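Heads up, the next two complexes both have subunit A, just with different partners, subunit B and then subunit C.
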Partner chain A sequence: MSTQSIIDTESKTKSSKVVSTEKEVRKKRQRKKSTAIFLFLLPALLIYAVFILYPIFSTFNYSFYQWNGLQADKTFVGLDNFKTLLSDPTFWLALKNNLYLVGVSVFVQIPLGLVMALVVLSKIRGKRLLNVLYFLPFLMSAVAIGLLWIFMYDPVKGPINQLLNVVGLESVHWLASSDMAIIAVLIVIVWQFAPMYMILFKASMVGIAEELYEAAEIDGANGRQKFFHVTFPALMPTIVSSSILAVVGSLKTFDMFYVMLGGGSGSATEILGTYMYRQSFINFNMGYGSTIASVMFILALISVIIIQYTNSVRKKRGILE
Partner chain B sequence: MKKISLFIVLAMLSALILSACSGSKETSKDEASGGSNSGSGDQIELDFWHFDTGARKDIYGAAIKRFEEKNPNVKVNVVQVPNDDYKQRVIIAMSGGEAPDVFASWGGGWLEEFVKSDKVMDLTEQDIEFDKFIEVALNNSKFDDKIYGLPLGISLYTFFYNKEIFEQNGLEVPKTYSELLSHIEVLKKNDIYPLALANQPKWPGAFYLMYLADRIGGEEVFQNAHRRTGGGFDDEVYVEAGKYIQELVELDAFNPGFNGIPYDSGQARQMMYSDQAAMMLQTGAFVNHVREEFPEFEEKLGVFQFPAVEGGKGNPSNISAGVSPTWSVKKDTKHPELAVALLNELTSVETAQDYVNRSGNVVAIKGVEVEDEYVKTFTEWVNEANSIQFPYDQTLPPELGELHKDTTFELFGLGMTPEEAAEAMEKKAKEILK
Partner chain C sequence: MRIGAISNKVFLYVLAAVLVVFTSYPFLYMIATSFKTMKEFFVNPFTIIPEMFTFEQYASVFEMGLTHYFVNSIIISVVSVAIVVFVAALASYPLSRLKFRLNRPILLLFIVGMMIPIHASLIPIFVMSNKAGFYDTIWALLGPYVAFALPISIFIFSQFMEEIPREMEEAAEIDGAGYWKIFTSIIFPNIKPAISTVVIYNFVHIWNEFIFALVLIQTPEKMTLPLGLQKFYGEFSVNVPGLMAALTLASIPLIAVFVFAQERVVKGLTSGSVKG
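And now, the complex of A and B:
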């Protein structure tokens, strides 16, 4: 009995030794693999750290200082910049304008992109031409688009006003009054970015299995039902990621407002991006500008977390149902 | 999916921050490849930044060639950046310690900001012949009795008008403001926009406020408000000037939608060229634009000074003008003598002569022969002027200058009353000017 047990234990230890060496080999291999992976990632990581992480942290760092962007010695003011920001009417105005933009991006751009994708994938004539036409705006650079639309909106000779006049309507001073200016720029931004969502939706619509539609057809679903019960649910992930792109994109936008309104035509059309630029580079308040940038970052981050969270809740519920 | 989208988001966010901060990296790279201060004895490199285009750019190029011929071991790296980008890039370069050795500016409050941060070389004791400069222009880059910049050009702000339209409507050059107003009525009846204005960049409209305040109250009003010597930006004169502006707007004296039209894209100039508008208050650069864009218009082109306001205290010979460019040297340049020598070449009589011949601008340097008809007129005005007013936005500290343009823009857009605009200015002035 005892000898038996000794042998047993011996064999056990033997086998365990074998196992452990096997494990070590596997581990070694894995380690080799992961070092290889790490080495391949390293250049990208370095670039990411130097050009993305470092600036983010230094921006946060600057936001605690009163600094004109030039002086060698910055004055540490703690959270003063953030306090000033909270009681700064221009900041709230800019934020409000950004929220407009978020609303328009999510509730106009994305649905429009969806409709465009549906049109392009439908069986109508000339869809190839439409495909190209729809996509063109997205290929142009922001500055070119801005200048193009400045001429479109020209109060005297602009095609838009001339068209209005032909129809018998009064000319609109598109970019001159601050209320209209926001709407005018929003139209351009929708025009510019809707094609991007079209492409996203097109790609994921092509990926929806044909069998689903066939099954729905057999069940007697009509076109609308097919859209709402097959296409739409299948597009949900794309809609979520599109919304993230739209929300973050509209919170951080700068170029179109800068090009078309000259960096905030009066403070009424200021957005966070232009206000940050103006404070940092025109008013020589680099510290305060960094505070605005930091707040933009935080806002974008929060909204992404919210979207992601609600999405995961939705998914869980989907499984439970 | 989740991870990927999160990654995209992170990347996008970072791109935003990057857009705010990457500039310094870019420039530092530029600089590194430019090797500004390689200083290894034989070959010296100087960095020189400016913002001018066209003929002026060529003029500076010629000056640099002369400089390089005189100093064969020196190479000048010229970087030309357009206006607004220029301001931003200089700020970033300066804060990163990678500033150009010699750089252009507009003097005034913008340059003073750099001087206060101890980034600009004091030129007072350098080997420079200060007597050759027109004093008012030199004073624009003089702070605490020290000179930090050398002026080259003076750009006058004045009315340009279409002589043909004036003739056809039996109009003479207006000497008084009420004559101007009656001209506006006549022109409107004939379906011509009396005044062309492209006010999106805000400075074109600011010229009106500046001139009106000067004509109504005299040059002391601004000086007292600026130096805080018993006056303020809420002075009755500023309120009055605001009222005059809004009167013009309500008269429909300007082309429609002026607050949304950028100057650079040229729609307002087009209105002048195509006989749709009769007058335009602009910088002397307008002459340049005409010659480049529509030379046929030059024979119709006339100039007159901002008319006198009846009962106003201002001397009607007073002129508003900007000094541009003003050359400065960065404080920590490794080759101060050479940088100053380059400054001297950029303001030499030869350069000035070239400038006056080709730029359509008055020059801030004496002893130059003027042939250009417009420059001749402008030079006469400058010589006869009782005082020269530099634009507020370049004279005041940047934040206040910016507010001045914003409030004036709002006056034009009827979004603010003259009283509100004046109060807002004075409130900020109290914070900033102490």
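And now, the complex of A and C:
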């Protein structure tokens, strides 16, 4: 054996040793990394699993039982609760009221927010003050707003009826009849959330490139044309996603209806949130309440899927253009 | 053309004024009424400036036990928000900066949480708090408050953490710093603006939260503010100025947050509603 080959084999074993220790180090580092990732995520995952994931699973499970929630014994009834739900007129009324809620946010709240944003960003004096004044409703809790507006609507001492009288109209018993009550609560919800949309639209309007307006001006566009050909298209993504989010928002609504109507005007003013509460915590029909809650979850899930879908379509189009 | 421009201007100012009345009259009505005597309220309920300012309503509101509600709300808000910030920041670090196989699915799992209607978890949480013996204490609220605040907080934090330059982390790694050291000395100190956004967003939501409190708390002394206000309404329905004093007091912390951190409030709103 020549010395050369000895050196060769020696260096070979040496390098293979280096490789194996390097592998070990890498493995060790990988293990250390995995442990770190696990430990960092653990508290959040634990809390999320215990208070959100498990309860949702459990709600679906309860929905197959007849159960008053107080005693331990439940009776398995299969899909009976769901069948009852489909032929329950109050459920359909509540769903219809939820749809009104969606309609009002798409056709009243969002446009009003847009108008407020346009006013605040226009060439008007006292913008800063307007900004604050328009934002005031957002600084109150839903419960406080609901209670305040009960008095705004008061048949005798309420400012709203006073205003109607001044204009020459008759007083309205806003919260007494179910048709008026729904309109009254929807007005309050518009009052509460329009400022939020103002903020959203302001943020996306400030993001529109100044060059687009300059280009439009060079092309001889007037204010209205600039709005419809530059501002509006740029705001479209915000409008679309806010509109779909309105479905999720309506499913989350509870406070205002509960506080202002308190179940006082009967099942005609029920929305899914209040109906679920009434069945579960007043009538102690927790099995049936869980069925309503499950349906609410499914509806929210469907709108999430639609949002994801429209987002991905929009992205694809963006690439193609 | 000129007439058109002038009429446009007039229209703009009229519109702005109408909107001012719509958004701020109810708010001013609340504050004005809270400073009126019962007598003045019955004589002229609509005026925005009381003839004679009185603080008697505020005194009576505190006598009625508003302090309890305030203290409870402050305790549960502060504790929940502190835990949320810590837990969400911990989780956001690996989700935004460390590569691993389940990264995207786990992030998505959290973010989807923003869309979940609270009702879908209400009954099981009620049952759990009964079994665990927390029912009818403010601590029954802690778990659900933290859990439902996690999605938006993780969303805000992980977006913010992605922006921190890699070099800072690499320098620390060369010095032999472990993940925990990197988190405490580099990541956490660099997300301060995001922390204030998360704190404000969640504070406002938890301060106003109603349905969990309604379901999980019964005893008046243990109620949070929104629940307490609702109870007040039952007792105060004749004394409107008194109720308005309570409503005004309940809004003060939110107004204070807005005055001191307007920009952060706006930031929280816009980042929050991108997805929920």
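Simple rule for what comes next: the second predicted complex is superposed on the first by the 255 of 321 C-alpha atoms of A that agree within 3 Å, B and C clash if a C-alpha of one lies under 4 Å from a C-alpha of the other, contacts with A are read in each partner's own complex, and residues count from 1 in each chain.
Following the convention adopted for this analysis, a contact is a pair of C-beta atoms (placed from the backbone, for glycine too) under 8 Å apart; a residue touches a chain by one contact, two chains touch by 3 or more.
Quick caveat: nothing in here was measured; it's all calculated off a predicted structure.
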Checklist entry - Looking at the combined model built on subunit A, do subunit B and subunit C fit side by side or clash? => result clash
Checklist entry - So, A:191: does it touch subunit B (first), subunit C (second), both, or neither? => result second
Next on the checklist: Contact-wise, after the overlay, does A:151 reach subunit B, subunit C, both or neither (first, second, both, neither)?
Outcome noted: both
Next on the checklist: One more residue to check, A:90. First (subunit B), second (subunit C), both or neither?
Outcome noted: neither
Item to check | Comparing the two partners subunit B and subunit C, which touches a greater set of residues in subunit A | outcome: C
Checklist entry - Which partner does A:66 contact after superposing on A: first (subunit B), second (subunit C), both, neither? => result neither
Checklist entry - Once the shared chain is lined up, is A:130 touching subunit B (first), subunit C (second), both, or neither of them? => result second
Checklist entry - Looking at the overlay, does A:159 come into contact with subunit B only (first), subunit C only (second), both, or neither? => result second
Checklist entry - A:237 contacts which: subunit B (first), subunit C (second), both, neither? => result first
Next on the checklist: Between subunit B and subunit C, whom does A:283 touch in the aligned arrangement: first, second, both, or neither?
Outcome noted: first
Checklist outcome for this item: Stretch of subunit B hitting subunit C after superposition, from 60-68, 78-86 or 294-302, is 78-86
Checklist entry - Which residues form the common part of the subunit A surface touched by subunit B and by subunit C? => result 48, 51-52, 55-56, 58-59, 69, 147, 150-151, 157, 241, 245, 248, 252, 254, 273, 276-277, 280-281, 286, 289-290, 293, 296-297, 300-301, 304
Checklist entry - Any idea which subunit C residues touch subunit A in the complex? => result 8, 12-13, 15-16, 19-20, 22-27, 29-30, 33, 41-42, 45-46, 87-88, 90-91, 93-95, 98, 100, 106, 109-110, 112-113, 115-128, 143-144, 146-148, 150, 154, 178-180, 183, 207-208, 210-211, 214-215, 225-227, 229-230, 233, 240, 243-244, 247, 250-251, 254-255, 258, 266, 269-270, 273-274, 276
Next on the checklist: Considering only the defined contacts, which subunit A positions touch subunit B in the complex?
Outcome noted: 48, 51-53, 55-56, 58-59, 68-72, 147, 150-151, 153-157, 171, 173-178, 181, 237, 240-241, 244-245, 248-249, 252, 254, 261-263, 265-268, 273, 276-278, 280-286, 289-290, 293, 296-297, 300-301, 304, 308, 311-312
Checklist entry - Across the complex, what residues on subunit A touch subunit C? => result 32-34, 36-37, 40-41, 43-45, 47-48, 50-52, 54-56, 58-59, 62, 69, 115-116, 119, 122, 124, 130, 133-137, 139-144, 147-152, 157, 159, 162, 191, 194-196, 199-200, 203, 223, 241-242, 245, 248, 251-252, 254-255, 258-259, 272-273, 276-277, 280-281, 286, 289-290, 292-294, 296-297, 300-301, 303-304
Checklist entry - In their shared complex, at which residues does subunit B touch subunit A? => result 1-2, 5-6, 8-22, 25, 84, 87-88, 91-92, 94-95, 113-114, 117-119, 200-202, 255-262, 265, 267, 270-271, 276, 398-399, 402, 406, 409-410, 413, 415
